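These notes are about the structure you will find just below.
We call the chains A, B and C, going by the order they appear; numbering starts again at 1 in every chain.
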Amino acid sequence: MNNALALAGIVIKELYRRKDFYVLFILTALITLAMGSFKLFNDDQIVRYIKEICLKLIWLSSIVIAITTAARQLPAEKEMRTIFPLLAKPITRGQVVLGKFLGCWFACGLALLLFYTFFCIISGVREHHWPLLNYFQALWLHWVFLAVVTALVLLGSVIFSAVSANATISFIVVTGILFVARHLNKIALQMTEPGRSVTYAIYFAVPHLELFDVSDLIIHDFPQISWGICGLATLYGATYAALFLVATWLVFRRKSLN
Amino acid sequence: MEYRSREVGQGIKIAVDGLNLDVQAGEVFGFLGPNGAGKTTTMNVLLGFVNATSGSASIFGADVRQPIARQRIGYLPELTYYYKFLNTEELLRFYGKIFKIPAAECERRIDAVLKLVELEHARKRLIKTYSKGMQQRAGLAQALINNPDLLILDEPTSGLDPVGRMKVREIIQRLKNEGKTVFFSSHELGEVETVCDRVAIMNEGKLKVAGRVHDLVEQYKMNLEQIFLKVIGYEVNS
Amino acid sequence: MPSPKLILALLFAICLSCGSILQPWHQAWTGVEKKSGSALETFLGDSRRLFANQIFAKADAYFHSGYYPTIFDAPKKEESHMAGGEEDDAHSTEETNHVEHVEDSAGSFLGPPRDWIDRFSRNFFPSRHTHLEKNGAEREILPWLRLSAELNPQRVETYTIASYWLRSRLGKVKEAEQFLREGLRANPESYEIYFELGRIYEQNHADPLRARNLWEIALRKWEESKKENDEKMKPNEVVYSAIVGNLARLEEAQGHLPKAVFYLKLLKEKSPVPEEIQKQIDEMQTKLNASPQK
């Protein structure tokens, strides 16, 4: 585990030394502040649209950060040949995969913390109301979502040869799941066999990432989700993340590094 | 360090065929051969990057496929690329953690190896700002961070200027004096002849000749370069 | 070889000349140059109307605190009850009283959960029918209505709905009037907007004279639109009923009973309950006959 954590530290260092994260954060902040500066109908208490815009930007930025960071980890190690001095040390390929995952996930977590802090400040200043536990739940579920996405993209990185192909496909898959997965059962009902069975199979097989998006509950000031439900969702996400990581390890350990 | 291999290769190409080699503790062993002879493939098998199709390899009695086999070795790859966003100190600290070197001991070793490779002045600079020679020396530093008993160096003087090559030779000599085992491949036959105790020459995946440098020179009545050319089948104009 | 800077300057001059020659030609080709320099209009072109519809639906979704059917859900027949009006006031009061009525099992677009994933997922998004009922919470729909109006100024109900919430729930009468007038500039023939303006003057400014003028204009516009759009688009008879109904009520309050009767007769033609209207007419006729002629 120490090896994995050491590697995770390197990944985090890489993220905060690259410029992408800062660009996305500044973009999110600027757009949110710009949107918030409008005084519509002389009413400065309107806040939900700002919350929605901010949260949408946070989600978009986090997906971009997670996918672009995770997609380049293993391919960059091979391309830059840093994998050789790394694997020449007493570290297994499984630890490398775990370390890369933890690094990407923790880095995304730090980014999320910053984004959500900004969101908290912006919404609190307008609403004069700080539902911190609700925000914490949203942040936690978002982070679990990013664990699944990171693991999925890492799997893609050992399957696809090009980083750009992996990133593009991952982005399409993730956004597709977010928008459509919840409705696949309804779509299946309107289909005939064998399409119906295939759609149902996909519906039950894909990780339902939309479960982790509680933006609407935050925007419209719904009460907290029960902690038990939150825990179950965490377990659900952790299971899929573990599944993808094991698959990644199984593929990576057989891969020739030349 | 032992090779007990029959063949290594994938598909129809046999990269290394029937290589059996022993390297004794404390000796400097030169691993020679023209391009494509199988030197790097052999090293890759030793380091666990590639699995042998048949046969086995072990380091200090441990199968090379186990991570523990790499606890006491240091490896310098031919092409030295390291994490560009790190400086040398951070890189060494990272590798020190993988070797589970305690923090205080790790800091002491970082200072020692940086002094050895003459990179103290650039320890806080990002590696991406280093010249080729500095990167090579950073590579040597990371190969030495765990005070290894066996050093595997793949063309350590490749791309270095004469001063750089001299420094590398001095380091190898110093390590030999400390009783370390050094296993390295090189095209620089002059420095191999100077530094090595024993050499092995490979060609087309097969071991052609192995033995003490002095004994080979006596046997063939030629210098090492001429022996090399003869063994690989290149006609030498006398 | 001429200097690169000279070549660049020459190319720039050629581009400027081409631009100045082509610009009037393009103007002639596209017709009257638009007065509005809206960035949204420039970037989106005619597709902004599609976006406007989506944004309007967004306002409705906000009114329902995020509980809203997607394109995958079976559409409900009832229209959006974000629309303003006394009938919607009554409806929203009913909803408040019955907000505990859980519709998930039968009445909602979601229906009962189809599987364990569906059931579990309902914890993570709004799955209960509610309205924005807290004091002033209705303000949250305004940005989307504003944006929808920006994208499609010809959608009249955007202005009327926003105006209703602004004046009746948020106490922003001046802003409501301003917005309606903005809508009127984009839609000078809109009887709905005239009607809403009349309501503002009657209910908020206590100016029945001006209200009457506006409602009379609204009635005239309605009748003109009926003549013009007979085949294309049926003008809204609900609004017509509201106009003549309000005019009748106003005239009665002002003591102009003959006019009130006149408007009630117009109302009777369209009303689903003509007998009730007739009763009112009869009562008014009685009063008219009873009062001494002046």
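Of note:
One rule holds for everything that comes next: contacts are C-beta pairs under 8 Å (C-beta built on N, C-alpha and C of every residue); 3 or more make two chains touch, one makes a residue touch a chain.
This structure is a prediction, so every number in the text was calculated from the model and none was measured.
Under the contact definition stated at the top, no chain borders both chain A and chain B. Averaging the CA coordinates per chain and comparing them to the mean over all protein CA atoms picks out A as nearest.
Using mean Cα coordinates as chain centres, the one most removed from chain B is C. Our note on geometry: chain A versus chain C, Cα centroid distance of 40 Å, whole angstroms.
Spacing of chain B relative to chain C, judged by their CA centroids, is 79 angstrom.
Within the complex formed with chain B, the residues of chain A that make contact are 2-3, 6-7, 9-10, 13-14, 17-18, 80-82, 84-85, 87-92, 256-258. Touching chain A in their complex are the following residues of chain B: 10, 44, 47-50, 67-71, 73, 75-77, 79, 81-86, 90, 94-95, 97-100, 139, 142-143, 152.
Contact residues of chain C toward chain A in the complex are 62, 65-66, 70, 72-73, 114-115, 117-118, 120-121, 123-126, 136, 139-140, 142-144, 146, 166, 170, 172, 175, 179.
Residues 38, 40-43, 45-49, 141, 182-183, 185-187, 203-204, 208, 210-214, 216-217, 219-222, 225-226, 229, 232-233 of chain A are the ones that touch chain C when the two sit in their complex.
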